[in-house]
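Each chain carries a letter (A, B, C, D and E) given by its place in the written order, and its residues are counted from 1.
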Amino acid sequence: MPEKPKVAFYWCASCGGCEESVVDLAEEILGVVNAVDIVFWPVAMDFKKQDVEAISDGGILVSLINGAVRTSEQEEMAKLLRRKSALVVAYGSCAHMGGIPGLANQFDREQILRYVYEESPSTINELHTRPQTASPEGGHTLTLPEFRSMVRTLDQVIPVDYYLPGCPPVPRMLKAALDTLLSGNLPPKGTVLGPDTAMCEECPRKESKPADLAYTAFRRPHEVIIQPETCLLAQGVICMGPATRGGCGAQCVTGNMPCSGCFGPTSRVMDQGAKILSAIASSLSAKETEGIDRTLATIPDPVGTFYRYGLPGSLLRRKIADHN
Amino acid sequence: MASTGMKQGTNGWEPRIVAFFCNWCTYTAADLAGVSRLRHAPNARVIRVMCSGRLDPQFVLDAFARGADGVLVGGCHPGDCHYMEGNYKALRRVRLLQRMMKDMGIHEDRFRLEWISASEGEKVKTTINTMTERVRALGPLGLPERFAEWDEEMDGLAHAIAAQEEAVHA
Amino acid sequence: MKLPTPPALRTTVTNSPPRMKTVVRRLKFESELDLSFGEHVAERAYGQKLLSCIQCGTCSATCPLSHYMDYTPRKIIAMTREGFKDEVLNSLTIWLCASCYACTVQCPRQIHITDVMYALKREAIARGFYPARNPIPVLAKAFYERVRHDGRNTESRLLITLYLRTNPFKMLKEAMLGLHLFLTGRLSLKKEKIKGMKELRKMIDSVEPRKEAVPL
Amino acid sequence: MPETNGHDAPRVGFYVCHCGHNIAGIVDVAEVARFAGTLPNVIVARDYKYMCSDPGQELIITDIREHRLNRIVVASCSPLLHEHTFRVATEKGGLNPFYFQMVNIREDVSWVTENHDAATHKALDLVRAAVRRVAHHRSLATKHVRIHPDVLVVGAGISGIHAALTLANAGKKVTLVEREPTIGGHMAMFDKTFPTLDCAACILTPKMSAVKNHPNITLWSYSEVSEVSGYVGSYTVKVKRKPRFVSEELCVGCMECIDACVYKEGKTPDEFNQGLSKRKPVYIPFPQATPQVVLIDPDTCIEFKSGRCKKTCVEKCDRNAIDFKQKEEIKEIQVGTIILATGFKTFDPKRIPYYGYGKYPNVYSSLEVERLVNASGPTGGDLVLRDGRHPKTVGIIHCVGSRDRNTNRWCSRTCCMYSLKLAHLLKEHSEAEVYNFYIDIRAAGKAYEEFYDKLLEENIHFIRGRVAEVTDWSARPEEEGKMIIRVEDTLIGVVRRVPVDMVVLAVGMEPQADSQDVRRMFNISCSTEGFFLERHPKLAPVDTFTDGIFIAGACQGPKDIPDSVAQAGAAAAQALSLIDAGEVELEPNTAYVVEESCSGCKSCLNICPYTAITRDETRQKAFINEALCKGCGTCVATCPSGAIRQNLFEDEQIFSEIEGLLQEKESVLTGGGAWRAPA
Amino acid sequence: MSYLYFPGCSLRSTGRPYEESILAVFRKLNIPLKELDDWNCCGATAYVSIDENRAFTLAARNLAIAERMQNNGNAGEDLMAPCSACYLVLEKTQHYMKTDEGVNTEVTAALRRGGFDYKGTTKVRHPLDILVNDIGIERIAKAVVRPMKGMKVACYYGCQVVRPFETFDHAAYPTTMDRLVTALGATAIDWPMKARCCGGSLTGTIQEAGLRLNRALLKEAEKRGANIILTCCPLCQHNLECYQKRINRRFGESIHIPVAYFTQFIGLALGIPRKELGIQRLFIPLKFADPPTKEAHAHA
């Protein structure tokens, strides 16, 4: 019997939802476990770094890495897995585009550390103690990973072969992806393993969207009772669906919430936020600066709205300290 | 954010401005500026589009990401669009994009929309001149350099790993 | 550096025919001109389009004093533009300008002619190009000193200084008028002075005096 | 030779033009060529003196064949000037013409840059961008549009009349729309014309009746264009026909109704006579008005005001032509080309209060004087002033509202000559002393200078000086009761006071008050001062930036009659050349939806002002009608999933341009995200 | 409505009746005026002839003091300058500081030396502008107790209040004062010399020219039937009034026409006692065509 292909799972800066999603394969997982040899999966199985190091370079068929990259440890593990794997899949929005943790790129490291270790309401830290990468303790040196200056996507740290989008990816797509990768019939490098049309295509409310939408104000989901049948954009709620890759089966919309863009853009778009911004702004009703600004003022947080999952992977990547 | 790489570059640095001009008004005005020999700052590089409505916000962000210090968009005056309403769409996008970019820390003087009609060669000149001066006063934006500089923090680890591997292989 | 002899200042206006004159050379050699003068003055008058003059004469015709000038304002502009520096700075015209701005508002080229005249006055004072007892620059200087000293101008004292420096006899002539003003309470010898004199002088002295004169 | 297709590796031929010294004098063209040669994909890089010349184009053609080039880049002047030339050359070489990209290093570089190094540097950046861009070019087919043979001419002054007649004589159907009740424009008001002094009516009225009688001309007077849509070859125009309250078909212009009106005397200032006489509510602008149809002014007619008029006019009309119930009508027509000849308006001299117009009754505008000296004018040609006197001295002030930064900067080009003409006529009518106050006499036309000569010999006074003021402040007894003109006689260098009985203000020419609305309606541009903007000041003086729309006469800038007529002929010829060609080539820069990429999100549907985008409801995808698309690309920028693309302005073409412009050093971008669009 | 008040040097000597009448009229209309703290000479026309930037600095100190006062409890109060020369110099300084970078840099720096951080917010106003455009002709007309019937007024604006900036009226054909005196019951005569120059300080320097200018103005006013000339500038008033005798002697004329400040005229119409308006300080006594009404007597 030939050796089963080796598969590794790893998580970087992530919430654990991606791990959940693997389990969400439900009974299908048995098939997967049957077909592959899981050699590393910190959240579920007891393997150590040394175990990975022991595998020959390229000995793993595919590593599925989720989470954004924020610490030196995550970098190190990503690089290690890259070396050991024939294929690396960025699994989920965070590895793909930076994800929710990527919103931290609106602040610099010092702001974050100061807030977390000193200023947050629940913190008392009169000595201003901060985590150190190395601190002496009883003749030993205790080390901690370094907290990097910014959040990165996986492909900003190591070369990535494929992407599995979503926060988290849907089990159906994971199954399909694994089938494809195991089949050896590989798509071109860099492919996002999902459909390449926008989410609207599969949205049940698509037909309720009027053709002549002209926005005068936007509303956030909590400010309005969302009608369950009507296109959210038609209700003035910003839905990222038109600029977001489909494949999720319009889960959020089905749950009466707008799409927030976790699948990222289609292959034809570089910057998802810029594109949805363009589409939405184009359909404003106002024609003069003042009226336009009045309408746009109802979007309180453009960056958080349009780049909720994609700030580190966007063209600008992070907040910039321009001018002195 | 201290950007040492940038400071070195300030010597002899010249602002680089990418300009998107609509074919019918602003590009024609730029031609008129040429025909009238209205000399102006050589810092703008014009990309001709048929209408300011063709301006995809991605173009602006891409220009900055690739090293532009400023982006200028020129279109027909309100009501004068050759395609009736393209300039209004450009204006709306630009307003939202300007807000977004401000939140991302990019100074507002780096991204400007001007209405310049086909007869306003003089305005092409003054717009490019004032924009160049404003951007010059701000100094370089230098995103490619910043990207590289940010990523330097990963070099130490990469070197360490490389050294380790060398040791293993040796 | 020898300055050209300034002409005597004639303040009488006459319509009588001129007497037979001696023969004077009117030819101008290019080497006698200062071709940079026009731009120099334009700069001193905020570059206000001086060079765009089309010699239409609107300024001269609006000017209530052009009848008494040796060169009409239009000619002054033409001569300035062409570098007739000596003639311009020696002219009576610049001193007759009362700064009424009639020319400025009507000029079809929007030349700030009044500012040009000011610039020429400063130029002439800076180079000493005015008739010795021309009361206008003397008044200007006396005024300048008084304000520099007190921060305010006491009219009575200013006039006394003026007459002493130009024509003391005139003071006698004006005495009746002064007396009348004094009697109606409209002339006071009391010196007006401000409190913040130190601060004012510091401010004024910090301003670089305009270098009006280009090297002769 | 088989056409190279875009899938082959790009083989770029690069050419930089010296344009004599125009480019080479500032930009180091040899360096540009050398640099281009180092760029990826560039097989041939050359510099040449005049690329647009035949040998220049031949270079391209030969190189394509010899070096198997499949992309061409030329760095020379503006694409607005020679893009077409080089596309043709590319095609002659056997390539699809759209494998060509142009770099503007003349208007955009050498003509606007002082520093040689900076200019060369800028040129290199632009070249790098174009070379990158051209790699993404694709083969495209040119679009052809049929030209509807009918023409619309707007404005029936001398320019519109001449253009309409030229076209009609060539067998084309013309609709001529005029706002006023009669055609003829300003020229119909003039008395004599300079320099020949032939009477304006004598030469104009035959043309007016030719218009009326021409089988190919539909004349709609008292009408205004209200809406224009469509594009070259196929314009739909709506025309508002204002009610005259007199049937144009029935009225024969006998004018008996006018005599019969209950008003015995006119009460309303007569527009045609510049308010120098009064007209009745029922009137005809002037005896030779065309069409010869009276009209009723509802603002002053008693029937309209009270409904209780005796209607003597109706009684008198044996043809029952009067119809108080006539309504405004909107007509719609289809045309292929449009000529705008909307004319000018005279400067309002009240804007210069120094000249006393409106304050002193004997200050006249030049147009008023035209009527005053006209034999069919308000005084029958008798030069009698508003106060009943005959003038003994007349002052004509030139450049009123011209050459003046406080009002209008431009020279109105006609005032010098018509002032000379009026000086002659006034002298002839009154034997008065006539003074001309001028800044410069501009008599640059055939036989114009000779006319000036003649006037000098007629002993008319010419005082070179711009008048400062017309005042009634008299300084001497002999000035009492006169208006005094204060002016510097600049040639003598003395300020003069000239007492006169009559002042004539030679008012300049301005754009029509509604020129901005008109140009918006026809989608053309205005120059800064408000005259319609021609496509090129020298080489395309009657074209506009909108294909199929031409301009003629004073709506383009101040012009006298000969120039207006010449331009009207040129505009007609331009329209004819389009019509006779039968069709016109359009840039294939249309947008298109990649159906399999479209999610059917409808974001684009309301973006297109031409309703070119519709949704295929069965497939639930957007669809762009190429015939309606004008190629602005707004929907392309809008499409949130990148499913709409635009020929000639594809995303990757523009991205590669941006990259090329900025790629001075090797890219320092790291990572980059493989999910980005493939470069 | 309240204003900061910049008297200027002239109003403390030859122009004393101007100041007296302004203060009286504003008091009567209940419009508070606050004199500018420690104001200095505006620089006038003479200073500019020596050194322009220093002249601007001089004027700018006053603007800066006004701004400082506005920031300290006098918010929104414009700076009123009754002397035309002061008015223009202050306006011009403001104008060039806004439009000329060189002037702005130089003057702002000088102001800093003196401890001023001037933002350029001060608005300079002339009392004629304030009375007609802020307070309003109607309100003044309502307060009239002695209509000035029979008075034929030649309104004389002079130059610098309207030129070159035309802030509140036309450069050559202003009407503000005409409308005002009409509302007071007087007749404003139409004459072409409203804004023709009086020669300013020429009467003191090149006197021959100055006298000729004033002769033309006075003669035309008389010829057009005026029985009074009203001015809004201390120098104009001084020239037109105090030199009448000399003009008559020099040119053999017999001009005799009172020349008063427009504020004095308003004051009389409002029934303010002559003494409070400084009427007794005029060289040529004011006589009225119609005797004062009883009501006015009662007020006086």
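What we mean here is this: contacts are C-beta pairs under 8 Å (C-beta built on N, C-alpha and C of every residue); 3 or more make two chains touch, one makes a residue touch a chain.
All of these numbers come straight from a predicted model, not from anything done at the bench.
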Minimum number of chain-to-chain touching steps separating chain C from chain E: 1
Shared interface partners, meaning chains that touch chain D and chain E: C
Per Cα centroids, the chain farthest from chain C: A
Chain whose average C-alpha position is farthest from chain D's own: A
Chain centre separation in whole Å, for chain B relative to chain A (CA means): 28
Centre-to-centre distance between chain C and chain A (centres being mean Cα positions), rounded to whole Å: 77
For chain B paired with chain D, centre-to-centre distance based on mean C-alpha positions, whole Å: 35
Interchain centroid distance [CA atoms averaged], chain B/chain C, Å: 52
Multi-partner residues of chain E (each touching 2 or more other chains): 172
Where chain C touches two or more other chains, by residue: 106
Where chain D touches two or more other chains, by residue: 354, 469, 607, 634, 637-638, 651, 655, 670-671
Touching chain combinations (by label order): A-B, A-D, B-D, C-D, C-E, D-E
Residues of chain A defined as touching chain D within the complex: 96-97, 152-153, 155-157, 160, 163, 189-190, 192, 196-201, 206-207, 209-214, 241-243, 246, 264-270, 275-276, 278-279, 282-283, 313
Complex contact set, residues of chain E against chain C: 9-10, 12-17, 38-41, 43-54, 57-58, 61, 96, 100, 106-107, 109-111, 113-115, 159-160, 163-164, 166, 171-172, 195-197, 199-202, 204-209, 212-213, 242, 246, 280-283
Residues of chain D touching chain A in the complex: 596-603, 605-607, 615, 620, 634, 637-643, 651, 655, 670-678
Touch list for chain B against partner chain D, complex: 14, 16, 18, 23-25, 27-28, 30-31, 33-35, 37-40, 42, 45-51, 53-59, 62-63, 65-68, 79-80, 82-86, 89, 93, 117-120, 125, 144-145, 147-148, 151
For the chain C and chain D complex, residues of the former touching the latter: 54-63, 66-67, 71-72, 74-75, 106, 108-110
